[in-house]
Amino acid sequence: MSNYISSTEETPINIINVEELEGRVEARMEPGAFHSIRGGAGNEKTLQRNITAFDDIGIISRTLQDIESASQKTSIFGIDIDYPIITSPVAAQELLHVNGEKDGMKGTNLAGSIYVASTYTNFTIDEIRQANPDGNLFFQLYMSKRDDFNDWMIDKAVKNGAKAIVLTCDAVLGGNREWDNRLKFQFPVSFGNLAEFYQEDSGVGLGIATIFAMAKQNLALENIKYIKERSGGLPVIIKGVQYPEDALAAIEAGADGIWVSNHGGRQLEGGPAAIELLPEVAKAVNKRVPIIFDSGIRRGQHIFKAIASGADIVAIGRPAVYGLNLGGAQGVQSVYEQLGKELNIIMMLTGCKSIEDIKTKGKLTNLK
Amino acid sequence: MSNYISSTEETPINIINVEELEGRVEARMEPGAFHSIRGGAGNEKTLQRNITAFDDIGIISRTLQDIESASQKTSIFGIDIDYPIITSPVAAQELLHVNGEKDGMKGTNLAGSIYVASTYTNFTIDEIRQANPDGNLFFQLYMSKRDDFNDWMIDKAVKNGAKAIVLTCDAVLGGNREWDNRLKFQFPVSFGNLAEFYQEDSGVGLGIATIFAMAKQNLALENIKYIKERSGGLPVIIKGVQYPEDALAAIEAGADGIWVSNHGGRQLEGGPAAIELLPEVAKAVNKRVPIIFDSGIRRGQHIFKAIASGADIVAIGRPAVYGLNLGGAQGVQSVYEQLGKELNIIMMLTGCKSIEDIKTKGKLTNLK
Amino acid sequence: MSNYISSTEETPINIINVEELEGRVEARMEPGAFHSIRGGAGNEKTLQRNITAFDDIGIISRTLQDIESASQKTSIFGIDIDYPIITSPVAAQELLHVNGEKDGMKGTNLAGSIYVASTYTNFTIDEIRQANPDGNLFFQLYMSKRDDFNDWMIDKAVKNGAKAIVLTCDAVLGGNREWDNRLKFQFPVSFGNLAEFYQEDSGVGLGIATIFAMAKQNLALENIKYIKERSGGLPVIIKGVQYPEDALAAIEAGADGIWVSNHGGRQLEGGPAAIELLPEVAKAVNKRVPIIFDSGIRRGQHIFKAIASGADIVAIGRPAVYGLNLGGAQGVQSVYEQLGKELNIIMMLTGCKSIEDIKTKGKLTNLK
Amino acid sequence: MSNYISSTEETPINIINVEELEGRVEARMEPGAFHSIRGGAGNEKTLQRNITAFDDIGIISRTLQDIESASQKTSIFGIDIDYPIITSPVAAQELLHVNGEKDGMKGTNLAGSIYVASTYTNFTIDEIRQANPDGNLFFQLYMSKRDDFNDWMIDKAVKNGAKAIVLTCDAVLGGNREWDNRLKFQFPVSFGNLAEFYQEDSGVGLGIATIFAMAKQNLALENIKYIKERSGGLPVIIKGVQYPEDALAAIEAGADGIWVSNHGGRQLEGGPAAIELLPEVAKAVNKRVPIIFDSGIRRGQHIFKAIASGADIVAIGRPAVYGLNLGGAQGVQSVYEQLGKELNIIMMLTGCKSIEDIKTKGKLTNLK
């Protein structure tokens, strides 16, 4: 792992709000590694908008709703989770913590939720599972130009008990990450799955562009069927959907879930906030399959707004790995707890006793 | 009262505008105590928006209206007041002044208005009344999980001549006050009514979360009837209403007044400004009961805008207690006078001779 | 004139843009006097909006319009002027220059335009006329509570050849000028007309509130007829109109011109920009009488936007007296020339050969 | 060329984004010369808006579009180009580089595109062509008051193989360039074509106002026919169109192309961003002739947005000459490559395989 020194923290973390974690992490990491995680595409206005656009949506408080307490428990594909939150696939978590994805998954499972392992993990999916024999795991696939890699990778995911395959579709090539270019960032850490398949230490010294060069560009609807068959019928979730017709086409082609996302503002520059795109997609999907939402979730109020806008659950990327950096698995768990604590207040003040209540009686108003 | 040192000022204060008082108070108070009063929920954007949203509403000046002078006198529940302003319930006013609520009520009455005493006053309601044998008093109730407390508290209010009971409904649990968490604020002052009932000095060292933990969560429509009966038929005002249907349900369940408010931005985070919610609620209420409005009033123009948007009177929280800190009872009176002076100019320039005129001929325009 | 030292400059001034003059003047004047001229009501957001709201209106350039040159000549009440600009009444111009209104009128006439003398000039209207035997003069009337003053004042205006009487209607009392209050500003200069009528040096040491206290509050439609008769039939212009129905009522009561203005943001706080109010008023007036517009004009583009929004001519207050401070009469002329130079470019680029062309073919678009 | 020292760089340049070039160029140039290139009209809000208005338009990412690669090749008037970008006419490029327009054209041709030479080049059009015997050249005409100049100039363009004549129509006089006025900028370089025609070194010491004074003001529709005939039938492009009816009139009068532009915010002040005007003009033109767009293009996303809004190709002015300053011809080429690299990412992420695809399936959404 070259000379890169990663975090070894293992502790619950004190959180005032999740937005503040970014500054705390920045103070501890090498700039190149930090910005490779934090950064977005182009002028980063989509990245910023992902968060600020939530301010254009107002939640309306409700009174005399006879609410004693609120439950955040929900489920997806039959898997019960304690919060309407799962952990987004984030590549290269060894940059953030020596235990990388092993602790990422451990913390997520401590919080009673589902960990989505990226294709581009530093630890192999076997190592991640070995460190977490019992937790809930989804596998996120970046399809390769090489079919044998795809076969091998899906087989691995199935063998390690992944309960769904997430196909990322908004990254057929790398986004224009100015900070990676400015700092000439090269990964100082190896990518476990790639290294094992290619029989070489394929990560160290690679830039993000090289990584993406291995990836398949021409993703198409037919890939859904392939993944489903190869995985023996696992649910397939299409990640990166922004356009209603694309969601419908994917469902028609067999998709079991739609993940509305703009990749945390890291891929397409000049786009809307992800939350601005959610209502139209949700309207089109019309509850036929579950909708996962990510890109910009930093507060409990954001979760409420996303669910009241049509999502079933949300996913967190940077917040989870910032927690990982600051406290290892327990840090990840602290992030879930903070978001859960904040969401609980919103639910109580809006008279929502359950996640289902947010969907049906949560009142939003346009503040633009 | 531990080592906390509170203000002992007793003097009229010089006010250029009420917004500037916050900085003057901040310079005199311990940060924890100050922010417990000033602070809002979450990222405080709702708190800020409460004030800035008034800038999105334009008042239109009128010409040749044959206006000699304007009167701000009005009344609620048959009580005549000199300004269309009353004092909002604010907990723990001993943080601001050694005479706390005693002076808060005294200053309000000097201004010819109505003081709303909180359940969470530092002085007991008996002490507050004893210091002000003749003034107008409403009592704000935070219902407790214990029925005997509620009975006892309402009886006390009645005995002390409260002319209405205000049931706060937007605080079934505490808001996410980041500054309280950041500074780990614990009240250095005792809560008079709680201390008397629980036979212990229940305030000192408690955090706001503990206070709220004693409170009843499952407030419901039926509580209105209980309060009305227990109080021997006093008017019941539902405070914290944001949603038209909630206002209508409350009125149907017996409410005699609707208090539109978002608790000064201290409870629900991610919500609209209170003033943005007022017109819809007022339209639904349709003059069946009086509407009180608070959250963001800092200027005479805000009062005009709130009344022209459907309120009958407004309430001030932070402005009143900032006046209390800077000048005791006379400071409170100065705040009323400044707001009245500003409102008078607006009324004269819009040709409104009375509060009723503001409601019927006050012209607003959307500046968004 | 107490110890106050005013400007003695007599020189053309170099102007990059008129907005920059404010800073240059601020550097030369006593704060109290400067802010009494610059300042606005309340938080000054209406004052700022008066200028920034022009940015929400876009002018559309035109091509191949066969335009050789553009003329800014126009007329009002049969008086020909070289620019579609006149000088607004501004009180107490001796604060800005030792020759005060005498030079204000001189500079305006050098620019081929009309000077509107305020009731609250430092020099008497006789002195102003004496210094400018030939120029175009309108007289602005603040009606007094005393009828004999009004008679005397109008007679004076007529005797001195005023060609119209401007009745200011948006100042039945003084605005909430925070800077005047903050700096406890008292006029160090005498008000000529008042001093002569009241037989005392009535200006020195008076605050703006005292000045307004002498003024008549209950201005009404019937005053129009009185002024017209007393002045022997001079055109009467109603200044401060913001509301369409008020314009119509004034016209019906005999008004010969409508002056859309919010008094430079100095009277009503919390209002729209004047330019935002102009289109509705102009639509109601429907060319029955000329419309003068002021409040926020700082650039040639603003003049174009105001005329394309329904004004016939615009008026400048602060820009003119800033020019007066920096260069005396020649400074006022320089301001006219700069605005004319800027407007000429806009007219040429939009294919408008005349002021009438701006009204009929000037294209605006809403940029909000 | 007086004492002015211009750049002699000849090197590819490292670009993170094109917006950053402005600061790098500013650090190397004399302020007067720099601002004569960078500056805009009046308060420069139109200049700023040209760029920021792109942020009000959102691009929507597409998924599973089966896209292997994207081609940016397109053509105009039968000329094939590698990017949907050409180089705008920019006067006086010797200010930026000792080889001025010679290198400007060389760099543009290295990028496989078309160079539009201004009438106000420092090198004569013969010199520019001599240095680039084979590249694609358009000629931009500022018509003169003297017909013999126009004849001579068009003949020269034809003789040097210009493939189209661009008639600039939004500059019948110079814009209000405050920075030129503030710094009293005079060109330290000669204007080749003018010097040759007038038989004198007509450039050195002239201000922009003098240059424009030679120009014809009353451009009219009939000029189109004249240019077409004099040039022996070359396509005539009308540059500076903002208004739909003007585009239609020009087409009816024989125009072969419409160039939507606000001259980089340098002419009309107080106008919309050029991109805000494009959709209406494109709708009117309705594909009858090609549309070129400039004013504000700084990123690949801007090119995508302009084409999806109705443009066929875009033009770059400041970005090209900033590249020229920093790296000569190779610097210009680097700018094209950077924009192409950015546009490629957007096309891949939106499933657009060709420029035609952007026009037909590129999805935009209004983010205001």
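Labels A, B, C and D are assigned to the chains in the order they are written; within every chain, residues are numbered from 1.
The rule is simple: contacts are C-beta pairs under 8 Å (C-beta built on N, C-alpha and C of every residue); 3 or more make two chains touch, one makes a residue touch a chain.
Not measured: the values here are computed from a predicted model.
Touching subunit A and subunit D at once is no chain at all.
Averaging C-alpha coordinates per chain and comparing to subunit C, the farthest chain turns out to be A.
In this structure subunit C contacts its sequence twin subunit D using mostly different residue numbers, the overlap staying below half.
One simple way to say how far apart two chains are is to compare their mean CA positions; for subunit A and subunit C this gives 60 Å. Measuring from the averaged C-alpha position of subunit B to that of subunit C gives a distance of 43 Å.
For subunit C, residues that reach two or more other chains under the stated contact definition are 368. A list of each chain pair in contact follows: A-B, A-D, B-C, C-D. Taken together, the subunit A residues at the contact with subunit D in this complex read 41-43, 45, 49, 169-170, 172-176, 178, 181-182, 217-221, 223-224, 238, 240-243, 246, 249-250, 253, 262, 267-272, 276-277, 368. Contact residues on subunit A toward subunit B in their complex (touch as defined above): 16-17, 19, 54-55, 57-69, 299-302, 304-305, 341-342, 345-346, 348-350, 363, 365, 367-368.
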